[in-house]
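Should a chain be cited, it is by its letter among A, B and C, assigned in written order, with residues numbered from 1 in that chain.
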Amino acid sequence: MDRIIVCVKPVPDPKAWERLRLDPVTKTLIREGIPSVINPLDKHALEAALTIKDAQAAEVVIMSMAPPASQPVLREALALGGDRAVLLSDKVFAGSDTLATSRILAAGIRRLGSFDLICCGNFTLDGSTAQVPSQLAELLGIPNIMHVSRMELGEGKRLMVTQKIEQGYVRLEAEPPLLLSFTKEANKPRFSSFLEILAAEKRELAIWTNAELNLAEGSIGLKGSPTQMADLLVRQKGRQGLRLEGTPEEMAHQLADKIHQLGLI
Amino acid sequence: MEKPQIWVFMEQRRGVLHEVGLELLGKARELAEASGGRVAAVLLGANVAVLTDRVIASGADLVLVAEHPALEPYRLLPYTAVLAQACREYQPSILLFGATAMGMELAPRLAARLHTGLSAHCIDLQLDGEGHLLQMVPGWGGGVVATIKCPVHRPQMATVMPGVMKKQETSQRYGEVIHLTIPEDLDVSGPRVLEVYREEPQAKPLEKAEVVVAGGVGIGGKEGWQLLEELAGLLGGAVGATRPPVDEGWALEEQMIGASGKTVRPRLYIGVGISGMSHHLVGMDGSEMVVAVNSDPKAPIFEVADIAVVGDYREIIPPLAAEVRKRLKGGDAP
Amino acid sequence: MDFKLSEREELLRKATGELAESEITPKIDAMEETGEFPEDLLKPMAKMGITGLIASPEYGGVGLGYLARTIVLEELSRVSAAVSMGMQVHHMAIAALNDFGTGDQKKKYIPPLARGETMGCVAVTEPSGGSDVLGMQSTGELKGDKWILNGRKCFITNSHTSDYWLVIARTGEGPKGLSAFIVDKTAPGAKTGRVEHKFGLRGSNTGELVLDNCELPKENILGQEGGGLSVTLKTVSESGRTGMAAVALGILQACYEEAGKFASERVLYGKPIAALQAISFYMAEIYTELDICRLLCYRASWMKDQNLRFDTESAMAKSYTCEAAARCAKKAIEIHGAYGIMKEYKVQRLLRDAMVTISAGGTGEIGKVVLGRAALAPFQKKG
């Protein structure tokens, strides 16, 4: 492989989630003082790319759409082994839903030039929609496979991919160009090594704005987002304390309903 | 106000319908009745015409069927192509998918192809006065609920987790079946399916389990403990304990949850026969949903429970396990 | 004065912290039980670059400085002071080879140490004393083209896990009569003796080394004959004290985190105990001590990286931080109430670990001797 792109999203550190507060007026999250980390599943995506790089010498490019303050998170990705990083950042990108975000990432990727593989995390901790991987692939006109629980290099440029579905797996084979989104089953992300941290200091972190991407205003940001947020309600953090009533069998049945609603059965 | 055409994607694998499609038909029926709209189901596969009766009984006024060898097994690009063509031809107002492995891959791709909006994991759907679909989406681990709208673009797409909506099944329903024409040049490119196989979920270590069933001194003995293990096994979860069961030998030290043991943050925590001392609670109060079963109505654990079940666990856990077993089977049966 | 850490230092800390939490945490119970150093940790630590941190890239190391080392040792110690201690002493062996080794010695001994293939130890202390270095009884005699060493070294960290021992022995008279040697444990007459069972820093291997007519090739003398005191003083006061201080600093950080977490969760009188003024005062004290010690430790290491003389600063960092860690561990235990004395809770280990650091790598009293001299130096009268 020649080039693998890893999409990385900086998200609020899950260890600090308890401290996140919602601004009641703007209905946005107050992120001050909450450190950002690489979205955990993106680390599995990066690990997959680095595993290929270890075996075959490919260029691993980290790409992210995020505010400029996210540079340390991209540096972290470089310190894990990425060769270069591109941060797509512009005020006009703000407010993008998943489709608008995918347009921006697609434009960034097209500007890079050719690629063989794009690796993403299956979903992010904050948005959790899991929509960007398929949408990005669609806009780039390449196939994608979600829920990747295993990836192996096959003959030539072939990839043997296992996809996790309900109560089982699907084994697939595919060739580049391809987009894969990874689950945490896929691998164990490596730690940064100190030598890699030092080497990464010399690696390029470029910031591209819309001046470089030239996306029409109507296709990005709030204006370019088909979905809009109409309202945001903060749910009471306290436990609901719903007391079930009825005979033991009736209560067991109601309980089974609740478990079903969680999607666990 | 536009009369919405409400479409539901009927997921199926190997001729077995996924329950979520039927659940979404129930919701679509409800929305249709409130707005005077029609419900259509979209069914893709090889020999799926046999499933149309059940689909109609579950609420579809119309079933759009696309049958083609290239559509079995499911592959992303052919399915996207067929659905995109159907949407362009029939212009539905709303299109719903289950938030399943298939739905989460297919719905976004289709939304991007149609340049329309999609919201994920909706916990409720409503129609506003103008025929817009209001999509309630949880965020921040359930701490907030956002209402999403797709005011301009069509169809308005949403995915919904299985188990959130309720099926409706009536024996007397009349519905139309239309067979969609599959284009000659159907896009069959993309990854090739080598094998689809079942696998029992691996037992996960306590800290990584999505479901934890924990027992306390109220279990009373090793026999009672087996009920918990059985329930945990059915739910693909792990068994936890407080200190007394460990001391009594019903559970192992490494299963202990609490300040001096493990901390767990499962999606579901079921505490059985546990009173709820603070040093246990700190080990599990990050759980998404807390269910407590205890015969003592004043047990402190009820203060931190989402669902309180006051009663003898020996009368509650066995029927619960039976219900779970029933639903697990039902999920795969036609 | 710029007190900010660089992005590099933050990344080093982060990487070390992730490794410690993921790979070291599961081994703590076994360490507490057996006291044994988990040697399978050497591989992941070597892969990251912890074992070769201060070794030159020429010899397979990373070539980072002492501030980076302090941050890494601190972060390791936050999870396990015992593992950090093992690494600290391992670095001392590398430092001594760096400072006093010949080209051939460095080429032979540093790469295996840098790559974590084996550990290193520094053997100064004897039953006759550690503080009283000149009183040592071990001897070294040149017979033909071999050095013959005789003696016993005790309380040596990494004694049983090291392939290479840096041994100091008396080869002549007076202060210029000590010499340093590189002992390969496979040398004839080199033996490990008893293993010590400490009440703290369990998992840091401590034991006895026995030299019974141990034969070394002539080339295995480290530095000049008679230069052993310089080797000892430089190694102990530079890498030794900054390393010990970093280990204690990590313990202090852990005390702060454990106490803060417990105080915010434990509910009494209807509120978390953190709402009680007394508890918040203890936390204020721990918080301040933590900052003081961090500044002392980082300053001493920074000075080394600037090639400034820093033996007073390192003595201050070591003696103050180890004492502060013990004080704060005691407070943290008291904040935990009865839970603080239960073995299941982490905080009692922090006090035991801190107490051991006070006497290790130079007693507090020796530290004070050095500081007393420095403190009075400006006031010395002539004559």
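FYI, a contact is a pair of C-beta atoms (placed from the backbone, for glycine too) under 8 Å apart; a residue touches a chain by one contact, two chains touch by 3 or more.
Remember, it's a predicted structure, so these values are computed and weren't measured experimentally.
Most remote from chain B, judged by the distance between CA-atom centroids, is C. Chain A has its Cα centroid nearest to the centroid of all protein Cα atoms in the structure. Annotation: A-B is the more contact-rich of the chain pairs A-C and A-B, by number of C-beta pairs in contact.
Averaged C-alpha coordinates give centres for chain B and chain C that are 54 Å from one another. Averaging C-alpha coordinates per chain places the centre of chain A 41 Å away from that of chain C. Our note on geometry: chain A versus chain B, Cα centroid distance of 22 Å, whole angstroms.
Residue numbers of chain B whose C-beta contacts span two or more other chains: none are found. Touching chain C in their complex are the following residues of chain A: 72, 75-76, 79, 191-195, 197-198, 201. For chain B in complex with chain C, the touching residues are 259-261, 278-279, 282.
Residues of chain C that touch chain B in their complex: 262, 265-267, 339, 342, 344-345. Against chain B, the residues of chain A that register as touching in their complex are 17, 20, 22, 29, 97-99, 102, 126, 128-135, 137-139, 143-147, 161, 163-174, 178, 225-235, 237, 239-244, 248-249, 251-253, 255-256, 258-265. Those residues of chain B that touch chain A in the shared complex are 13, 73, 76-77, 80, 99-102, 104-109, 111-113, 115-121, 134, 139-153, 161-164, 189-199, 201, 210-211, 235-236, 267-268, 288-291, 302-312, 315-320, 322-324, 327-328, 331.
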